[in-house]
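Take a look at the structures listed below.
Both complexes below contain subunit A, partnered by subunit B and then by subunit C.
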Partner chain A sequence: MATTLPTLTMNRLTRAGLALLWIIVPLVVIAWHVTTTPLNASIGSAWEGLGESAWLTLLVTVLTSVVVLFAALAGSRGRHLNATWASFIAVPHVAFAIGLLWLVSPSGWLVRLVDALLPAWQGPVQSSWLSAKSTLTLLVVLILKELPFLLLMAQANIRQMPIARWQQQALALGYSQRRFWWLIVVPALLKPLRLPLYIIAIYTVSVVDIPLLVGPNAPALLAHQVFELNWQFSAGDNDWVAWGALLLVLLAFISLLLLRGLEWLLQRALGRCAITGRRSQSGGTGGNASSKPWFWTLLALAVLTSLILQSGQQGWFYPALWPQGWQWERWLSEWPYIAPLLYNTWTLAVFSATLAWLSAVILLELQAQRQQSKLNAAWLIMLIIPQLVLVLGWQRQVGPDNSFVWLLWSHTVFCFPYAYLTLHGAYLAYPRRWLWQARSLGYGPWAAWFRVLAPMLKRPLALAWAMAFSISVAQYLPTQWLAPVTHPTLTTEAVSIASGGDWRLASVYALMQWVSVWIIFMVALGVTRARN
Partner chain B sequence: MLEINHLTMVFKHHQLVIPKLSVAPGQVLTLTGASGIGKSSLLQWVLGVPQPNVAIAGELSLNGVDLTQRPIEQRNIGLVTQQADLFPHMTVQQNLLFARTAQSADRQAWVAEQLNSVGLSEYGDAYPAELSGGQRARIALLRSLAASPKSILLDEPFSALDVKLRTSVREFTWSKLADAQMPAMLVTHDPADAPGEVVNLEHYYYD
Partner chain C sequence: MRYLFLLLTAIVVSVFSVPSSAQDKPTPVYFYAWGGNPAINDYIRWAAKELQPEGIQLHHVKVADIAEVVKQLVDGQSNADLVWINGENFHALKAADRLRAVVAELDLDTTLNDDLDWRSDFGEPIEGLEVPWGVGQFYLLTCQSCIAGDQVSANELLEYAAQHPGRMTYPKPPEFHGTTFLKSLLLSLSEQDTAFRQPVDAVDAEKLTAPLWTYLDELQPLLWQGGENFPSSAAQQLNWFANQQLDIALSFNPNEVKTLVNQARVPQGTKRVTLGEGAITNSHYLAVPTTSQHAEAAQRVIRFFLSETAQRKKADLSGWGDPTVLDLELADMPPLLPVATEFHASWQSYLEQQWQQRYPR
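For the complex of A and B:
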């Protein structure tokens, strides 16, 4: 036992160190901030000012989560998405929103296409409901951006189920494909999808950059409003910010309770349906459009094309289908401004992705050595606390324009759970006996890891790094609140420019943001292509 | 000589207490017993694999050298398993070269000779996925022997093979081990696999 005791102690110390860096310190800073912040304004006056926003946030969160859940449950019946789809999930939200807005806005490309095809059409659409910045636009952007994530999670779980055997049994008993799916697979899928769904809900509660671009202003979403108030310097506004942050936590909790309730209801309803013994007559093999990879390819291409055309157009007035003039020089004239942002974005992303990736690999290696094969949800805690609340607390404690180290740390706190989530399935399923084989042949633990495990898991390892990189590139709030002057990034600039209304220039920045992530994913997929 | 002394393995619902087990050079000791009794765990302990869910105390020595505290890579004990465990990202030749120590003379020629001896010379550049079960089993044994181990552990090495292949791979294994003259331990469910002494672990079982 003499040699195993130090190993165990080292393992515990390493886990404690990782927990300290990415969980304990972030939470202690928040706890300190909350307990030392006096709430001067009364809850009544705060509710008067923030109540409408709070209701709207709850509505948007629940609607987004429910639509995404049902679309994913129905959509995961289709063809399986593969690793390439991870690159679509990783498209930065801001770039996606800027591109999609031009596509679906009331005078956007799709409406122009309808106008060109149907001469009787009286466009563009005139309705405040459908204006570029509205609750509906916000919902569309959030749903389309979050759905692939839940689809991928659903399909990862489905792959581990004996679907073919269940299907054989159900069909032999006379059930249709559709009833088999909803009565057998969906109930088994709801529990494993709980955590990813909560991550989506919490993201929606606290997202700021997307509402800034496409969300309504009166009332704005609560996170959006708290973000705006935090730029004001009066004591009254500060009190409202504190109440707003508390309300966000409350909303997050209520949203999770509602989603848990919905899951319970759905389980009961499907369970009751299942025991009626009723078989439907129709075969029902058709899936949802969202399940089709071509839908996502088309969407991604349309958004990308929209960004490219916008970035080079000089004039593009309704109802013209194509720009009436070009001004590609915009790219050249903007380059001196883009270059330093690109440098900041990449430096931050490379360092934070590497730190997050290393932490995730170390943690998973320790878990694998202890034969723990399940995802440890405690390491994902940063994804189930509203980001605005976390970053607000950090900003109040460490100051608004700090060193690169604090910024790097804040990015890594959010990159780490995604690296862990992306890698855990492949890493913990890896048969350790291959490592024992290498070691029985005389190789040490490091040599066995690098020469046997790493080449065999090269693709998941590379994708986990790429995912962490893309998460850092997409970060808005941590950069905007912790280092807006010293370390602006492509994302912070794209949001500033787009919220100022210059969509042409914003498209240039959004494209650079997208290309940064795309290059990394293509390299990750390319260099890890299996020969055998 | 491979020797196990005063071994106690405490599992969740039972324990194994083995006062002494020894295997002489050239001998294959076969371990049998009900599923879950701890045959593979015992083999893994001999190999040096940490087992967080089993409390183990005991001594292990090979040719008089105490191995109890040594990590896997310093034990000089080879392993052959049911799945063969050839590294899928390496060709057959690369698998064998990976196992052969860097100090060995003329490594390439040794690999060619070994492949030739088992009639697989043309498979040097093939990946494990392109081999049949019997071919994989032969290469797995060659790979274990390539590192010149002083003992070898066989964890159900024949159970994934059909009856005909099983007999031929078994004969191939015993002839190779007889040449190498090293102590070996075999875990199996099939009494027909056992070439010599058989130890039933149920005799060492305690609730």
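For the complex of A and C:
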């Protein structure tokens, strides 16, 4: 009897099946749609209308990715991952944006605080600085939200490096801590961070819900504009949508090329620095502010507090620091309408997270059996294609048919790569000899997996499931375009209410969204810690 | 084999028994309506509750822009049973022959208030294809110390903007408040309102709108953020107005000046100002698509929405506060504003396109 669970043919079949479900079918639907749809509008006229948006999108994408990359490189010096990080990553973007805006907008709480402290100063800020509609606000929200993800990925990679040995040698040779970090660790870190960085870039290219809330609109980002054009009913607009989608794919490709170029330049520059052999005695061990866990804890708490206060206020106008009235009954009166959304969100997230998680575990198990210890990037391809293009293609091909299975499938397509990405490090690094020993002691293959591997990897396994869950909860486009009637979720409702301008009600939904994800993460972390 | 047969029988029986149990189930009515106003959403929730005993399950499908559904209806892939429309969206559906002639079936002619001129929707005869639900009037919300008086002409508004740069803006067309703002300016600037009741093709549109573009060019640098960004919705503008970032907000509901204060969405002391000599006035309508799977129930929903109870509730100032379309006496209702006739529907897309060509997308 083989030492592995399934036989080799089963192995191939399973992988083929997973690829078919989560990659090939989604792509074929798009390809089918693209090849069977004639385009009438010329690219010239489409470019005239969309060109400016395209440039803006490219700018935002590159800026976000570059800032996040450098902040992550500077920020992951000697820090350790903890539960705060994980739960911060899990904050759904929409909830985060709604809460943050309340703090920093021109008539937001911080400005009010300044106003209260400096009586001579008059009125809310008049500039476009961090207003509810500006490129800068969008950048801040995206960067703050994406940074923890990259830091998490950096941390995971650093833990697999012989950092202590390198450091010893570098310090012995008279390099400062800082030079050691940038000349030795960073070059080794850039390559494994390539893929997570690409995921961030592609996410930025095609994100719609955040620009809807805080992005500029004259011009709007390309994905935002395509999303709105897709509502319009004239035939010309339809062609623009198609061109816009193509343009998005092109932008995605260009931004990846630019990031690849940047990585190359950085490697060269760091290499040059290293060759000079200069050493300096200055430079202590101090890290970057963004790496301090308290910064994130504080930010998360501030955003959370603002959401809670917002959800209960009845009248809170500038320049009041504290709400003028309260109406906590809003929670009670709103509850009957939240409950079904909560049910929709949770069923969808539980099913898609479980499917995605199972697929990832099976895949990684097969990889481990074949002794592949590296991440297989092909499985992440759905994260490297702008989501808007994918969902648009599915919607055009199938229509908003509102069936649960179809929606579940679309969510799983996006949850699966994240589950795979989160789990692969721990799973592939797992010493298989434990399994062999278990088998030699008479355990069956299933028993060995469940009673030896699973308990040892319970935390990464639980976190991967929680990650998939949180991805499903945060999905906006698939739900909004594929099943808006039968399966409205907390996220679609929060976006709809927030764009309707009532922040009090939007905060209620954003909080429910946050709590859903937070509970899952805390349970995942708590359960796995308790048995340690 | 015997078990298989039994299983199959069980399946067949259970499948055929579904229709009989479905009779007890309420009939769903998918009501596609703009979902951007919590007070309106609450009203529809109330209606859904009231309709339950009648065996109707009213689902409010909240859309950001009803054009979304118009497109699906024209493409023939929508499950909408009832839609809330007017203006260009009605035109598109009427032109595509996608609406049922509900007015005749419901026999409502006698109860509706004839002063409202509801038989024409943005200059287009409704031909019995939609039923008026409420009345919209366009005006500005402002603070006590901001714009003086209860009427402001386009030129006075420009003067105000010059004195208070950065304190004024409008939602980016094609958002309908934004487009109506342009129409009001145009009416005030041209001092002749009859030409705009005709289709764009029938008049010299370029010449008629020339004063508007000159005006907007002057206004542009005086706008909030120098006109580099616009609010995406009237609701967003309302929030900024409420927090003193702006001096005006736009409204299409003549009673909103009261309801918004009641809901603590805007501070006390907010008042209404008509832009130009009259408020552009139109009706908003309910219609049943030809493709509706539950047309009969949808008509019952319309009948309910036009009942005296439902119309009184709709006009209630602690809730939505939308004026009634029935001939009813309502206590403490602010009077309607002086009326300016709505433009012909074809102006909507004309103005939007012209605006988009001139100002940043």
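Quick notes on this one:
We take it that the second predicted complex is superposed on the first by the 509 of 532 C-alpha atoms of A that agree within 3 Å, B and C clash if a C-alpha of one lies under 4 Å from a C-alpha of the other, contacts with A are read in each partner's own complex, and residues count from 1 in each chain.
Going forward, a residue touches a chain if its C-beta (ideal position, glycine included) is under 8 Å from a C-beta of that chain, and two chains touch if they have at least 3 such contacts.
Remember, it's a predicted structure, so these values are computed and weren't measured experimentally.
Of the two partner chains placed by the overlay, only subunit B lies in contact with A:452; subunit C stays clear of it. Judged by the touch definition given at the top, the superposed model places A:218 against subunit C, while subunit B stays out of reach.
In the superposition on chain A, A:440 contacts subunit B only, with no contact to subunit C. Within the superposed three-chain model, A:526 lies out of touch with both subunit B and subunit C [touch as defined at top].
Note on subunit A: of its two partners subunit C and subunit B, the one contacting more of its residues is C. After overlaying the two complexes on the shared chain, residue contacts for A:371 are found with subunit B alone; subunit C is out of touch.
Touch criterion met: A:502 reaches subunit C, while subunit B stays clear of it.
Shared-chain residue A:119: touches no atom of subunit B or subunit C.
Subunit A contributes residues 49, 52-53, 106-107, 123-124, 126, 128, 131-134, 212, 216-220, 225, 228, 231-233, 314-315, 317-319, 324-325, 327, 337, 399-400, 402, 484-485, 488, 493, 496-497, 499-503, 505 to its touches with subunit C in the complex.
Every residue of subunit B that touches subunit A in the complex is listed here, in rising order: 44, 47-50, 52-53, 69, 71-73, 75-79, 81, 83, 85, 87-89, 98-99, 101, 127, 129, 143-144, 146-147, 149.
Those residues of subunit A whose C-beta lies close enough to touch subunit B in the complex are 2-4, 7, 369-371, 431, 433-434, 436-445, 448, 451-452, 455-456, 530-532. Those residues of subunit C whose C-beta lies close enough to touch subunit A in the complex are 30, 35-38, 45, 59, 61-62, 64-65, 67-68, 70-72, 74, 77-79, 92, 166, 172, 225, 227-236, 238-240, 242-245, 264-267, 359-361.
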